[in-house]
Structure formats: C-alpha cells, structure tokens
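Next up: the structures, one after another.
Presented sequentially are two complexes of subunit A, the first with subunit B as partner and the second with subunit C.
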Partner chain A sequence: MRIITTEGLLFCIGFLCFCITTLWGVLAVILLNKRQQTERQKTLEKNIVRALAKTFDQPKNESAANFVWVKPYLTNNAKLWLLGKVLIKVNNLLHGTKPEAVSSFSDAIGLTAIIKTKLGSTDWFEKVMAIRLSHELGLKQHLPEIALLCAHENTFIRRESQIALVVFLGWQSLVLLSEYNFPISQWQQICIIKKLRKYYPTVDRASIGTAIEANNHNITRLLILIIGHFSMHQYNTYLRKHTNSEEEGISDNAYQSLHKVGYNSFDTWVELCKRNKSTLSKPLPIS
Partner chain B sequence: MNEFLRNLPYYFFFAYSFSLMASYFILAFLALLAIKEYTKTSTIINETFVKGAQDLPSITLVAPAYNEGLTIITNVYSLLSLQYPNYKLIIVNDGSKDDSLQQLINEFKLCSVPSTLKTQLIKAAPIRNVYISINTKFNNLTVIDKENGGRADAINCGIANADTDLILCTDADCIIEQGALLKMVRPYLEELDHEIIACGGAIGIANDAVIRNGTLTEVKLPKKHIARVQVVEYMRSFLIGRMAWGHINSLMLVSGAFGLYPRKRLLEVGGFDKDSIGEDLELCIRLRKHMEELKKPYKVVYIPDTLCWTEAPWSCEVFVSQRDRWSRGLMETLLKHKHLFFNRSYGRMGKIIFPYWVLFEFGAPLVEVIGLLNIVYLISAGELHWQSALLLLTCVYLIGCFYSTVAVLFHVKKYDHYAKASTVIRLLLATYSEPFTVHPIMLYAQIKGMIKKWTGVKSSWGTMTRTGF
Partner chain C sequence: MINKRILIVHEDPCVSYFLEHFFVEPTVSVQIESHYADVVKAISKEPFDVIITDLTINGNFTYRYLESLREYAPATSIVVISEIEFNGTKDNLIQMGANDFVTLPLDLWGFTKKINRLLCA
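Presenting the complex of A and B:
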C-alpha cells in the first residue's frame, strides 16, 4: 500500500521547482528596486530643496507646471510616504527660520488636499500617516478632522491624533486630553513632552491647572512628568500627593519630578523614608 | 490488518513529516504577517522620536566574560557607545584565566571599590572585586571580578548588582548596534494592555565583517562555508521562527546573547538557573510560567532587526561542541518542565508551544535518525523502492530549499546587509548545499548531545574559540 504515488511526488517536485524559481524572480526584482529606491530618494531630496529655495518667499506665485516632477509621488502610497518623509526632514531643518514654508509648499503641490482625503481612509496605517504628516508639516487646517479621531478605537490612530492636538493647540490640549477616557502609553507621554518643549516652551499655567483639576487618572503620569520637565515648583503639592500612589511607576515619577522641580533632596528622602522604611537603604538623592 | 500494522511506521513518518512541513509553511505565513505589521508599526513608532528623551526606563547591560581577552576591549568600547540616555554597563569577569581583567583595568583606568549588592534575592559565586573607572568618560562602566561559576551565574551576579528598571543580558563577545537599546525598549513604552516580560532581538553573524572602533561598519559574507550556512540558519530561525511565534504571543525563547527583561520579574523568578545549560530557554519558560500563575496578561516580544552581532563557530569542532550543548540544554529544559506538556493550566504555552517544542524541536533529529536507519535497513534487505525513495528525498530537499529561499527573501526585502546580487547568490548556493554538508554534522552533534544527556555523561559548557573581530 503506497501513501503517495510517483505521479504525486513528481507533481510536488514540479510545483516546488516552480515556487523556488518564482522566489528567485521576486528576489531579483527586490534587489533592482532597492538600488533604484536609494537613487529616487536622493533625487527627490534634491528636487524638494531646489523647489523650496525657489518658492521660499512666495510659493503660491510659482506655476503649477514647475511641480510636474512631483506628480508621480502623489499617486502611489509608498511614494507619497517617501515624499512626506523628505518634507518632514526639510521642515525640521527649517524649523525656526520660516515654519510655514513647507506647509505652503505642500498646498502648492497638492499634497495637503491628498492628506485630507487620507484622513478619511479606512486603512488605519494611511490614517495615521496622514495625521502624522498633518502635524509634522503644520497643516493646522486639518485640526477639525483630526480632533474627531482622538477617541478612535484604534490605538495608533488615537495616539497620533492626540499628539497632533498637542502640536496644534499646545498647552490647551491638556485640558482636552483630561477629558478622554483612554490610557496614554509612556511612548505617547514622551512624544507629547517633546512636542511641548519644541513648539510651546512657555508654560500655560491655567491649562495645566484645569487638567489637574479634572482628576483623570489616565493623564496623571503625563502631568507629573510635565511638571518635572518644566520645573513647575508651584505644583509640589500635586507631586507629593502622588508619591503615595499605589499605581506602578507613578510614585517613582512623582519623586523624580519633585527632584527636578528643585524640591529639597533631603526632604524628598525623608518623604521616601516616611512612606517606606526599606527606602532607608536607598542612596540619598543628589541635587 | 497485518499490512496496516506492517506499514504503521511509514504512516507515522508520513504524518510526522507532513505536520512538520505544514508547521514550517504556517510559520512562514505568520512571519510574513508579522513582518508587514512590524514594518508599519516601526514607521509610526520610530525610535528616533524618543532619542534624547529623559524619561526612558533605565537599563543595565550585563555582559559576562570568560577568557575573552582577544576581543574584550573592542567589545566594551562597542557596549559603551550605545545611543541611550540612561544605561549602565556591568562586565562580569567570570574567573577568566587569561589577561581580560588586566586589559580592562589598564584600558579603562579601573579602581577597586567596595562591593554593594543591590539584592539578596539572586545568589551567585563569590565576588573577588568590583571596579569602576576613574575616568569620568566611562562612569557608567562597572567591572565585577568573581569566581568562575558559568555564564548563568555570571549574569545573575550582574543582575544582583543592577538597580535599573530593565536588564539587558548579552555577551562580552557581542557587537551591539548603536540604536539597539532604543529599539528594544520600544515595546515596554508602547504596550498598554500586557506586561512585556522579555524582549529579544535578532542576532547576526559577524565573521569577516568590518569593525571599526567597536562598531560594525560593513557586513560581509563569511568566507568559511560552515559560518555562511549559519547566516541563513539564523535568518530562518529569527526572521521566520521567532517572528511567527512572537506574532501570536507564543515565543518561548529569547536568545541568551541578547534579551531584555524587567528587573522586577527577574528577581521574582530568581534569575537564571545556574545549573542549566540552556539557561535562556529555561528562564523564558520560567518567566512565562510565573506570569501564568500570577494570572497577569503578558507578552514575550521579538524585534526582527539585527541588533546584535556575534562570531559564529567557523570550525567543525567548535560547531559540534556548540550544537551538542544546545541539544543537551534543550533536552534538560524540556525534562525539567515536562509537567507543562499539554497542561491546560498554563494556557497557550501548555497547550501549543511546549508540545511543539517537544515534538518538533526536540523530536525532529530523533525521527530523522530513525528514518535514515530505516533506509539503511531497507537497502540491506533489498526492499527499498529506489525510484520512490529518491523522489521523496528530492521533494524534502526542495521544501528545505524553498524555506531557506523564503528566509533570504524576507531578509533582503527588509534589510540591506546582503544587498548585492552576487552575495545573495552565494548565500543561496551555500544554503542549498547545507543538507549535504553542514546538516549531517549538526545532526551528529544533536544526537551526541542527547546521548550524553541520556547517559549522564558529564560535559562542560564548552569553549568557543574565537579569531577576534
């Protein structure tokens, strides 16, 4: 009794040979594409810098015919993200000199309109990338659409739109964030602090006060970190209150922030000892 | 009925081989999904966004060193030059007989300080001396000189001396990518619903690579055939196997050469088992068991990017010694945790992952040897149907080639380490010849290891002879 016939085996061998040959073909295409992709990105960077230099003062006066080279990048998703990536890079370089240069350029080449349509996409990745490009390129006109996504069920969409909220609204966004009932990951907290430092270095006490009063435990850790980062010593009481928190990490963050706002090292240490006698074995924080 | 009984072994071989091949195809498919998802998420959550952030969890790198004099200075420089704002490096000199410690003392201007263990929860062999550098440039470096106790014991000593949130266990002979820590810490920062209990990264082979100032600047294909075959073997294992298991939260092994763990959990389970040969697998199983018992949601995650480079065995002798050890380690760990086999109380680990490891990771070499012996018997008895046997072997060989080609394809698509057509062709040729060259040696080593373990022959951890980078 034979489990598998000779014909069956021959068919398997033929099929496997076909599959392996196909894989070789795919490999060859990938290798070729890779070589072209590097060249493509270099050319794109060069073109964008050239076009931006030309249109730096009055981008809207530039004729649409001058942007023909960018058209292929607007039709294909992968190329669109590449264009976005290069524009973000250029925008970061220009930050501080003329922040609106890249957003005006995006309007001129038709990228802003495409990003707006992508904000309504059903694909979560497209949506996230569109939100990312909106806040990185300073496309504030997309704020109403993005604000609606701040409570989206997809974590990535929600996170990115909340970061966009911080970029567009600054300190006031903390008031809005305190109204959402979603946990904020450590990654998002770091990003939010980074954006506040970059775009809104001056503290808006009224907004942070309102956010604290909302008493939403989802943003407690974020607020503690912000207080520490911006050395807001007037919120020592808030920090001290959370040094007793049962929630993992919160009390440590509260102590670190107390330390950052210049609360006396010895006092911090005494607070620690009061809470937990085993802390006596910990070294005294150095100011 | 008689014929059925006579054919029973062949039905078994067929069913076993079919299940094994099917599992490979399923894993390849899952890996494809996982890579796609990883590519998307790593675009959105890119480690460059948190570069320079102050609120990242603190990390201690623990690197045990035993007779690593040939590469220790280059490697310590490499480990000291990582991009991460808040990390410490502990080199544990595990009673080296060479001049490793003296080299470290001279190069990094080390001075002895009193030993201060941060915990008594993990025990290790006695410490002779603890050194820190008087050069402020190296103020995150600590060297612990201790009595020899083996790799696991040395790592435990490092863990006991660490006071950070996370601990990265590596080897002093590894070259770690500059941005590796930022990538490894990412899952710990982004995960909300599960606790990450271990995170592993892919390991690459650095034989014949160009290394400057402790940084790998150019990856080259190893000149030795045995090392070249291992390049594809690592791709298969890391880019397909682990990526696929990680995708369904069923990863049961994080390589000892590069694994990041929360210190809290390591202390709870008592660190590595110093008597175990396969200490990395054993720790991961124990961590998973611990979390199952605590009934807390957890994840073991895997980063497919090659973040750590190491020298692979390039001689037959060293290769056999390594695989013999791996085989003993696997058998020992599976026996130690045999109660997990189809044990529903341990969730997915008891129901799927552990049985898979027993049946396929441990069982495959055994079934292969029995199959080969059966062929020898059939030839000697004149009962072998040559045409069918050759066709069947060709079929199995082609499935292996297909699987290896898929691994190379995934790697080439995602990374630029082997981006030249000529390199890819040489890599494929090496892997297509593997069943006739390296595989028999590996099978021999695996069976040797199993027999040693079975018969209780005492065997050491083995020595890895290095040429140095």
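Presenting the complex of A and C:
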C-alpha cells in the first residue's frame, strides 16, 4: 500500500485550492461580462427609444446624419437583432397611434436596406430573422421577396414567411395558404390568429369562403380556430362537419369553436344525433 | 420649478423610457421604476401626483400590488396599462383603487391628454 507523504498531501491541497480559485475567477468574469452586456443593452434600448420618441415631436423625419450613433449597431449581427427587438417592442406599443413611425425610422437609419440583403442570405437563421423583422416592423416593400419563400424547404423560413404573408395581405392570405401543401403548426396557427386580430379585425367573408372551398386539410384546423375566434356563426355547418373528424384534435377544436360561435354543447349534440344516429354513443362534449 | 411628479412603473424599460419622453417638462419630473420594492421606496420618500403602472410587476402579485399601491399613495392618481384585458378587468381595477385602465397598443395622444388632465386635477 502506497503512503502519501506530507509534501504530496500539501501539493494535493494546493492544487485543489488552485482549481477552486480558478473556477471562482472564471465565474466572476462571466458574471461581470453578463452584467456589462445587460448594461450595454439597456443603454442601447434607452438611446433607440428616445431617438424614436423624438421623431414623434417633429412632422418630418430627421436627417440620416442624426442617427450616426446607430451605425455601429448595424454592422454586427447580434447588435442588429437587438436593435430589431427594441424596434418591435416600440412598434407594438405604438401601433394604434402612428403605425408608420418605426418603419420610417428603420428607413432613415438604413436598417430596411440591410434587412433586404439578409432576406437573400444563405444562412437560414439570418433569413428567418430578416423575415420576422420585415413583418413586425411593417416593411411591406419586402413582400415580393418573402412571398417566394412561402414554399421553402426549410420549415422555419417557410413558417415565418407564411406569417408575414398574413401580416401583409390579411384575410386574402388565407386563400394563398390554402394552396400550399405544407402542414401549419399550432404555434403558427396562434400567430396567424393574433396577427389577424391585431391588423385586420374586420372579417373578409369572401376570402374565408374561398379558403374553405379549397378543401385543403392542412389549413382545416386553422380555419376552424379562426371561425371560433371571430365568432362567425354563419360557418357553423363547416364546424359541425368536422366534429366527426378522425384527425387528432380537429374534432375538439370544432366543438370549442361551435361553443364560441354560440352553440352550446347540448344543441351540438342534438344536431349531431339528428344527422347521424351513431353519434348517440358519443359522450357529451365538456364545455 | 418642478411642482408635478409622475412615477412610471413597467418591467420593460423600453416602455418606460418611451412614455417618459412625452411627460418630461420644466414643471413635471418623471421617475422610472421596475421593481415593487423600489416603487414602495420611491412612494415613501416623496408622494407622486400620478402613477402610470403595468398591471403586473416583479416583487408582488397582480391585484395585491395595486391594493398596496393605493395604501401607500392614497391621494395619487393611478393609471394601469396592460396588454392583457379580460372581461371586467377595468371594473375590477377601478374598484381596487385605480383611476383608469388603458390597454396596449396605446393611443398616445389620448393617453397624454388623460395624464395631463389627472396632473391638473
């Protein structure tokens, strides 16, 4: 059996102390960096928000020379996305007062042109961020480039461009979506309904009628949810038709939407019974 | 000389900085806070004429926050801003002591008029 000498023990303790001190040192540096980064982010947010607020007081946009301080943020991708994030926040805050304020600011600082070049990037993440910034900041001039990406092989690019389509074209975009043979995710459905509520609160019956007639099973669930959210009781036949659906979740959504458009569960059940005797064995939906 | 004071409370500094711009005047001072403990400290130090606050902030529960705000500042006008609105939210908040409830996105001109009216009251 090997015996550890006093020197060996002291060396081990010393080495352990060194490791622990180094670890604490690294952690301290990381924390300090993080704090500095947060401070820098706050300062940037403050500067952008104040510059944007000033544009509200003046009838005309300030000249590009006044936004020189923003230029360094346009060269670095991480800072560019941060700038975009702040602009989205301000746009959401002000949408009701001056919807074009943020897009004008974006034009003045040269962000719009950069976003346009990013739309042509080969990196999928850059492309997705550029599409997102385009629709969140209301850069409608990018619609032709974005429309081409709606059937892209990359799921993230395709989904973000389809949301952009809804933002720019409103209810008419449902007609276009009914022509694509790609499934629409639940997250996408929620986004589309939110965008329609925010930008196009008035229902366009002609467009939703055309989308229903297209009979594309990829957007069935989306249409059912939209009918429910906008309380379009004239489409209850469509909802009732899908209460018998075998596809997972569609039947539940159809029942929920029927409830939202004013049909209570008992009425729905009675109607189903009248139409098809076999539904008598089906349990009553919980409302 | 400054004779009116506004306190803006929001978790997101972007919102606070933006609103601050529209209320700062030679006679009006604006203070920004984002945490409940700092809000209590600020109110205890010197009273405010108007408090513009988000419905929920760090450090307290939604409705309890508003109740304690009313306790600490009984004479101050409180305007709550929020993105969330359920049925009866406004009535509940007014019962709890808020003077008004405004949903986002803001109608900025209408909102500034509202705050100026409360400052002059």
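Criterion: the second predicted complex is superposed on the first by the 229 of 287 C-alpha atoms of A that agree within 3 Å, B and C clash if a C-alpha of one lies under 4 Å from a C-alpha of the other, contacts with A are read in each partner's own complex, and residues count from 1 in each chain.
Here, contacts are C-beta pairs under 8 Å (C-beta built on N, C-alpha and C of every residue); 3 or more make two chains touch, one makes a residue touch a chain.
This is a predicted model, so every value here is computed, not measured.
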A:Leu93 touches, of subunit B and subunit C: first, second, both or neither? second
First (subunit B), second (subunit C), both or neither touched by A:Cys191: first
Which superposed partner A:Ala78 touches (first subunit B, second subunit C, both, neither): neither
Touched partner set for A:Val68, first subunit B, second subunit C, both or neither: neither
Which superposed partner A:Val49 touches (first subunit B, second subunit C, both, neither): second
Touch count on subunit A, higher of subunit B and subunit C: B
Contacting residues of subunit A [partner subunit C, same complex]: 42, 45-46, 49-50, 52-54, 56, 86, 89-90, 92-98
Complex contact set, residues of subunit C against subunit A: 12-15, 17-18, 21-22, 104-109
List of subunit A residues in touch with subunit B within their complex: 1-4, 6, 9-10, 12-13, 16-17, 19-20, 23-24, 26-28, 30-31, 34, 81, 125, 128-129, 132, 155-156, 160, 183, 185-187, 189-191, 193-194, 225, 229, 253
List of subunit B residues in touch with subunit A within their complex: 3-4, 7, 10-11, 14, 40-41, 43-45, 49-50, 53-57, 186, 188-192, 387-388, 391-392, 394-395, 398-399, 401-402, 405-406, 408-409, 412-413, 416, 419-421, 424
